[in-house]
Amino acid sequence: MDEATLTRAVEAVLFVSPEPVPLARLEVVFGPDGADRAALRAALDRLGRSLDGRGVELREVAGGYQLRTRPDLAPVLARLEVPRPVRLSRAALETLALVAYRQPVTRAEVEDVRGVDTGGVLKTLLERGLVRILGKKDVPGRPLLYGTTPRFLEAFGLASLSELPSLREIDELLGTRGEGEDDGG
Amino acid sequence: MTQDDRHAILFEEGHTYKVRLDGFEGPLDLLLHLIRRHRYDIYDIPIARILEEYLGVIELLHELYLDVAGEFLVMAATLAEIKSRMLLPSPREDGERGAEEGEDPRAELVRRLVEYERIRAAAERLEERPRLGREVFSRPWRAPDLDGLDVPEAPVDADLFQLLVAFKELVDESPAEFVEEVVRQRISLQEAMQDILEQFRRVPGAGLSFRELFPPRPPRERLVATFLALLELVRLQAVRVVQAAPFGEIRLYAVAGDEEDAGG
Amino acid sequence: MDEATLTRAVEAVLFVSPEPVPLARLEVVFGPDGADRAALRAALDRLGRSLDGRGVELREVAGGYQLRTRPDLAPVLARLEVPRPVRLSRAALETLALVAYRQPVTRAEVEDVRGVDTGGVLKTLLERGLVRILGKKDVPGRPLLYGTTPRFLEAFGLASLSELPSLREIDELLGTRGEGEDDGG
């Protein structure tokens, strides 16, 4: 399979896949064509560049590759009657951020930081598949441990958890605007 | 934003107040707001003044006949307690400022405030990201030309939470008798197998008699689980069964090295 | 909206639409941008040409426009048939939960709780390697006893069966009403 065909075929595979496609999966699919990891990376690279200035872009999310519409087209797409996810409240976002940064984390630990009851919020995040149960903590009482899901990465367009700004970066951000803090809500 | 502005917002929002102070996610959020607005140093909070401010907001809500969520009151109590501890004479005469860090009654509160502020900022950063289904869209359906067979070896797209929801609904619809049984049902096959292997580990090389495997007068579930676990271990060739004479005592021996496989 | 943006936006709209999109529908969607039928036809034309040599093409089908993978790439896409994650049905989840919590358990006991025939579901779970036969129950008829497999633990991310939340924990988790979401637009 020549380079151009491989690029087209990778595009077609991503186009029909409902979820982000990991590189390992592409290796399986294109194994019979003799395309190795390096060839696939190159094809993905070519595909990404060829989508410059288009309505759709190639993104690396949740450990895989996915075609997505560009953020600047959101106003137009908002007019379509696509089922939209329910908005996340501030409580949900805070809890999600905590779980993302501190996982594996117990409910008690989340509540210690937020200072409020978090049971309902956690349940909502579980229902929406953004948070999952990781197991039980090996301490008396064996509380449940929570962590984020691949869907969380997908929803927020993150290739992996390491793409989240580090807490150090957050601290720096806070340092520069600590004075003029206002409650964005 | 001036203090009056903020109170005005509290007034307006107060009408829809139900569980918590509207606009504030909790006492830490409110406290941070007060600290930041007055540009107090978060590591050197003037507790007396902050307490006064904090109580002012709470009182305002009382005047509006609004219930203040318990966690806000707990924080008020915490602040009051810190204030009183700070009024106590310091063990060192040279005053609060020179006091050792570990002795500062505010330390725990500061730790929580700093951590909460971080997470709050992290949440804001999350919120700013283009969200799938909100600003950006993928093609989340399965292309029709790909509908094919479900291959049994296919990985299972499983989610423990879904499993729990399914189970909870079953339990809710079931007679109490079933629920009790589930509650009692604490011993699993895997655990029973682990237990047996653990017993062997305690008597390395010696083996066990069949009867020794079972605790005295075991509950029925325990009996069944232990027996099935034994069968499974024999099947996995992790345990060898020896009966020296017909109708003689059955003795069991662990087969070295197979424990990991058997453990599941 | 300039020509280039309109073309990108039309691409994005077709990209996210599962069904062919009629021109009349595009007129409605792009009405607020002042794009009339002629402008849309021109944009579709530009889009179609820009997809030359790509893995995806613009087709007019069933009275509408649709993006589709190119027919020559079908052999590659056919390989996507190889194992993909399978979602468990509600019946399967219920049965699996029962087996997990009550093992060793007979089919009759499962059916007693679920109130429906469970043979097919149990067979599926056996085939998928989530459930296995543990032996026979020592009662008249010697019915088969079922339990979960190590694969079950793996699929649900459990280190061991003791990590399954207890009924009390499930109640705690699910008893509270979700409060982490607002009604979203």
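Per-chain residue numbering starts at 1, and chain names A, B and C are given in the order in which the chains are listed.
Rule of thumb we're sticking to: a contact is a pair of C-beta atoms (placed from the backbone, for glycine too) under 8 Å apart; a residue touches a chain by one contact, two chains touch by 3 or more.
None of the values given here were measured: they were computed from a predicted structure.
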item: Longest centre-to-centre distance from chain B, chain (CA-based); value: C
item: Innermost chain, where centres are averages of C-alpha coordinates; value: A
item: Chain B and chain C: spacing of chain centres that average the CA atoms, whole Å; value: 28
item: Whole-Å separation of chain centres (CA-atom averages), chain A against chain B; value: 22
item: Separation of chain A from chain C, taking each centre as the mean of its C-alpha atoms, in whole Å; value: 17
item: Multi-partner residues of chain B (each touching 2 or more other chains); value: 137-139, 141, 143, 145-146, 159-160, 164
item: Residues of chain A touching at least two other chains; value: 15-17, 67, 69-70, 77, 82, 84-85, 88, 91, 126-127, 132-133
item: Contact set on chain A toward chain C in their complex; value: 4, 7-13, 15-17, 28-30, 32-33, 50, 53-56, 67, 69-70, 73, 76-77, 79-80, 82, 84-89, 91-92, 95, 119-127, 132-136, 144
item: Partner chain B, residues of chain C touching it in the complex; value: 12, 15-16, 18, 69, 74, 77, 80-88, 90, 93-94, 96-98, 100-104, 113-114, 127-130, 134-135, 145, 147, 149-150, 153, 155-158, 160-162, 165-167, 170-171, 173-174, 179
item: Residues of chain C defined as touching chain A within the complex; value: 4, 7-13, 15-17, 29-30, 32-33, 50, 53-56, 67, 69-70, 73, 76-77, 79-80, 82, 157-159, 162-163, 165, 169, 172-174, 176-185
item: List of chain B residues in touch with chain A within their complex; value: 1, 20, 23, 25-29, 32-33, 36-37, 39, 69, 71, 75, 112, 115-127, 129-143, 145-146, 159-161, 164
item: Chain B residues touching chain C - in the complex, by the definition given at the top; value: 19, 137-139, 141, 143, 145-146, 148-160, 162-171, 174, 178-179, 181-183, 185, 188-191, 224-225, 228, 231-232, 264
